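The data blocks that follow each hold one structure.
Below are two complexes that have chain A in common, paired first with chain B and then with chain C.
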Partner chain A sequence: MNPTSTAQAAAAQSAAAHAPAAGPTAAAQVLPPPPLLSARGLSRRFGPGCDLCIELTGDAGATSRCPACGTVVAVHDVSFDVGAGEVLGIVGESGSGKTTLLSLLHLDTPADAGSMVVDGYGDLLRSRTSDAELRRSAVVMVHQNSLAAGLAPRLAAESNVAERLLRTGCRSFAEARARSQDLLAELGIHPSRHTDPLETFSGGMAQRVQLARALVNPPRVLLLDEPTTGLDPSVQADLLESVQRVTDRLGSATVVVSHDLEVIRILADRVLVIHFGRVVEDGIPEQVFDDPQHPYTQLLVASRLR
Partner chain B sequence: MTAVLTATGVEKSFGPERTVLDGIDIALLPGQLTVVHGARDAGRSTLLRCLTGGYRPDAGHVVLERAAGSVDLAAADPRTLAWVRKHHIRDFAGPLAAPPSQDAASAAARSAALERETAVAGLRRLGVAELAEVPLGRLRRTARRAVALTAALLSQAAVVVLDEPDTAADPERVLDWISELRAGGTAVLAAPSDAHPFIARASASAILTEGKIQWTTQ
Partner chain C sequence: MSDAPTVASLAAEHGQSEAYAYLDERTKRNVRRALLKALAIPGWQIPFDSREMPVARGWGSGGLQVTLSLVGPTDTVKVIDQGDDSSANASSMRSLISRTSGCAETTVTEEATIIQSRHRIPEIPLRGDQVLVLQVPHPEPLRRVVTNDAVALEHHAERDYTPAWLDLYDDEARHGAPRTGADYPVLVEGTTLMSPSPIPRYDVLRLGNRPHATLLGAGRRARVAALPPFTSVEPLVFDDRPLLAESAAEPCIRCGSIDSYRVQSGGRYQLAAEAGNGPWCCSDVDACRTRRNDP
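The block that comes next holds the complex of A and B.
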């Protein structure tokens, strides 16, 4: 089986699994089908908290740190929906809360309030399934730093992918190996590198291995953390193409965090701008980048044009 | 015939000083070509962006009417807006946002949700077949606009809105393609740089001056 047909088969499978409402007539509808991921009121503070925390932070206080008690309001009241095959971009500067938001969505940090309903799984924040299990099937993250991604640095790239295949029902090692090689080739990793230990891979290539693992077992929700940061421009462009191919085929609800507005413009259908832990702007890329409404977004867009 | 897109009372300002649109009414009918012209800084691009949801109007309604229901783009949430722009309304307002390493035909194909060979044929039809294999990042701005225009004309949306299509490709080729879209029932709105050839083939045309629209033929 060639690499393309493997990925296409995976995509067809996942489209069938993820988008029951997306029949042949779905595109004729004027309203989008129900979302795969529905986040409501997600909030997280670090610190003791007091009655003034919310009032004194955000735009009002031009800070996310409560002047009364020192609590950091990292994420406050963030809500959004993401449907099958849709990509939500999240932008904001360092300290805006975007990383905390991503760690709430990946169940790495418990939320103080809010819900995160994923199609077929209910509210992940109140699930009886273990977080580790949910992180394999419901919500998968492609980390910026592949050491954090649960990859085995000493193992061959293809073994890192095969491990995921064997864990999710693939019976024979030979088959797992062949499919791993197809997936890696599909993501632009030359066959001569498939058996090299992962620790010899560059950051961009290690991210491709993570994407290959995501393709093995298409998750409902795919989280991408700064997918192109730290890569040189030509590698960035290639990786963007790979990411786009993967998000198109998976049919997952994708959330991508980046400080690079161009990356978000290319990948995302919709953009949330986060500032002092709050959503200050929510729109399609054209609205947010060409006609920004919030002073912070205006600054962010203007500083890109320096 | 009922309009597929109806704008009423659309207003848009940039800051307190610059009112660009001051109460625009426009209705786009299936199979018709509507042409908006006016001075270079009259606000045609702003009008087109307000009609396709690319900008949020300050006031007014932009209602898409389809068999399955209707949506007011001026009030729609971003997810609905993205959905409508993917399936019902297509604009050409500048180069595609696509990975710079992607070749022109693949980028146009993905953007229009069609096969790559269809995009190759589309580029040939606009007279820019030689762009097909070239990565977008290596193309000049005009060529990148031609790729985006191809994607818009291929898109099969019910409403197609084109900002200065005649500066991205040969106007006669664009007009011939528009005629075919009209025959298939598409509502087309164009704001060309040189209005005359477009007005000659339009169902309705209007001048945009001082934020208002005046119909010259209807």
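The block that comes next holds the complex of A and C.
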């Protein structure tokens, strides 16, 4: 694949998508930079599907499982843009489709419909390059459980971070080491622990290592799945602060999903509320959490306050 | 080419049967076919039908099958074990090869047409009309970091050696040096990762760009690999962490060499890692003797 031509194609594509009315000169002068990540109509269901699936699920049927054929409509028609340095928060209860949505964005599961344009890479859902290769360079996920993240427990923490640099061809030990150690330190891991085997780290510390590993080759898109679930509250706040500082500096487009409103309130610049696989509300956190419009969001906010 | 003698025709001339050189002609052809494939893809591991040999697997049965599939009555064979022609294992393999094939034996590097070796490369430079056969215990260079063979094969197919680089990084970060002493992994032609067999780093640095072919045989794992003449072979190292040859504390007590690969005698094996505390001497006995006779 030729990265330059793909980048140009993607730039042209997103410019066209976001400026249908503007002429070429106006576009050059007035338009904000295109979003790093632009998702449109993402859908995924599990099951055979029938003509009634969409009609009978969601708010209408108060379920994501089609009563006619049993298919689970896990994600339906989800669209959003995320810009450089922006954090999109997605909140919803367990089973609402958050993990499925992230797995579509991470190219772990094929989407039934929709597109996912990443600046410089085009529509990743239609790319012919191998998924693994794109994922490594463009879209990186921090998993809820660091055991699921492909980390090597017996290797040093810094080795787990450096792996991403080695994978992309860094052949200078000094450079790989400096970049890995700097990022670990920035994320609050004391230098005396950088060479300790990862298996000696606590959950919160391992999560920081996973984050450093995700960011050491700054990705276009960073996906965080329930980044603080299972950590104790003081560790949570600390980790969230680190996440915020580093994502600000690197300018990746970040998508964070959580069932925890507080996490989303702290991290997100914009919020989507997802319910039965559909977006039921979106806006800035203050607006969504202080003046929820959809009954489900109202319920979420009320249960949080209780 | 049509009147060029084949191993079989030469054997017939010398009154030898089909089952010449211990193996039947079919088995030898199978090994040679694997070797041709191996020469076509330098450094790549090619499976072959490894036979039971009169030496235990892991004691040179792979190297022996390679040698026997090539040797003819006009050849001269040298067998060394860690540089030494006179070890029990080397002498018995040498006599097995010469008795079953009628070839000549030698301990003099220059005289040999085929040199079978365990864990050393002769220090006297080999010529293009000589062949080096190395005995390989573990042909898979990723075995320490990728335990599943199928997964290792995928890494080779994609030329993705990140696990090996990661292992190297972890050693450097935690121990300040690679832990791998002998059997240091090498990149062949810049693309294929290969185990050079447990030769010292001194020899790893002399593997590439040679006028002769190097054939590697692993009997237990039933694989061969090959380096055709003038193949590029580089150790897997970071740009800022070059591989250094082992250093010896003293010159050879016999020939006085200061740039040969020397080991301390008195150990159980002539490996630097397991050496004793006796005097230092050349591991390559023939090279040492040559220097003494012809200073």
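Here is the rule we use: the second predicted complex is superposed on the first by the 271 of 306 C-alpha atoms of A that agree within 3 Å, B and C clash if a C-alpha of one lies under 4 Å from a C-alpha of the other, contacts with A are read in each partner's own complex, and residues count from 1 in each chain.
By our rule, a contact is a pair of C-beta atoms (placed from the backbone, for glycine too) under 8 Å apart; a residue touches a chain by one contact, two chains touch by 3 or more.
This structure is a prediction, so every number in the text was calculated from the model and none was measured.
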Answer with clash or fit: chain B and chain C placed together on chain A by superposition. fit
With the two complexes superposed on chain A, say which partner A:Arg270 touches: chain B (first), chain C (second), both, or neither. first
Touch check for A:Glu163: first (chain B), second (chain C), both, or neither? second
May I ask you to decide whether A:Gln244 touches chain B, chain C, both, or neither, giving the answer as first, second, both or neither? first
Have a look at where A:Glu86 lands relative to chain B and chain C in the superposition and call it first, second, both or neither. first
With both complexes overlaid on chain A, does A:Pro285 touch chain B (first), chain C (second), both or neither? first
Partner with the higher number of touched chain A residues, chain C or chain B: B
So in the superposed three-chain picture, is A:Arg171 touching just chain B, just chain C, both, or none of them (first/second/both/neither)? second
Could you say whether A:Ser234 touches chain B, chain C, both of them, or neither, answering first, second, both or neither? first
Could you grab the smallest C-alpha gap between chain B and chain C in the overlay, to the nearest Å? 32
Shared chain A surface residues [contacts with chain B and with chain C]: none
What part of chain C is in contact with chain A in the complex they form? 160, 162, 165-166, 169-170, 172-174, 238-241
Okay, in this complex, where on chain A does chain B touch? 27-32, 35, 81-83, 86, 234, 237-238, 240-241, 244, 248, 265-266, 269-270, 282-287, 290-291, 293
Chain A residues within the chain C interface of the complex: 152, 155-156, 158-159, 162-163, 166-167, 171-174, 176-177, 194-195
Which residues of chain B touch chain A once you look at their complex with the stated criterion? 49, 53-56, 64, 66-71, 78-88, 93, 97-102, 110, 137
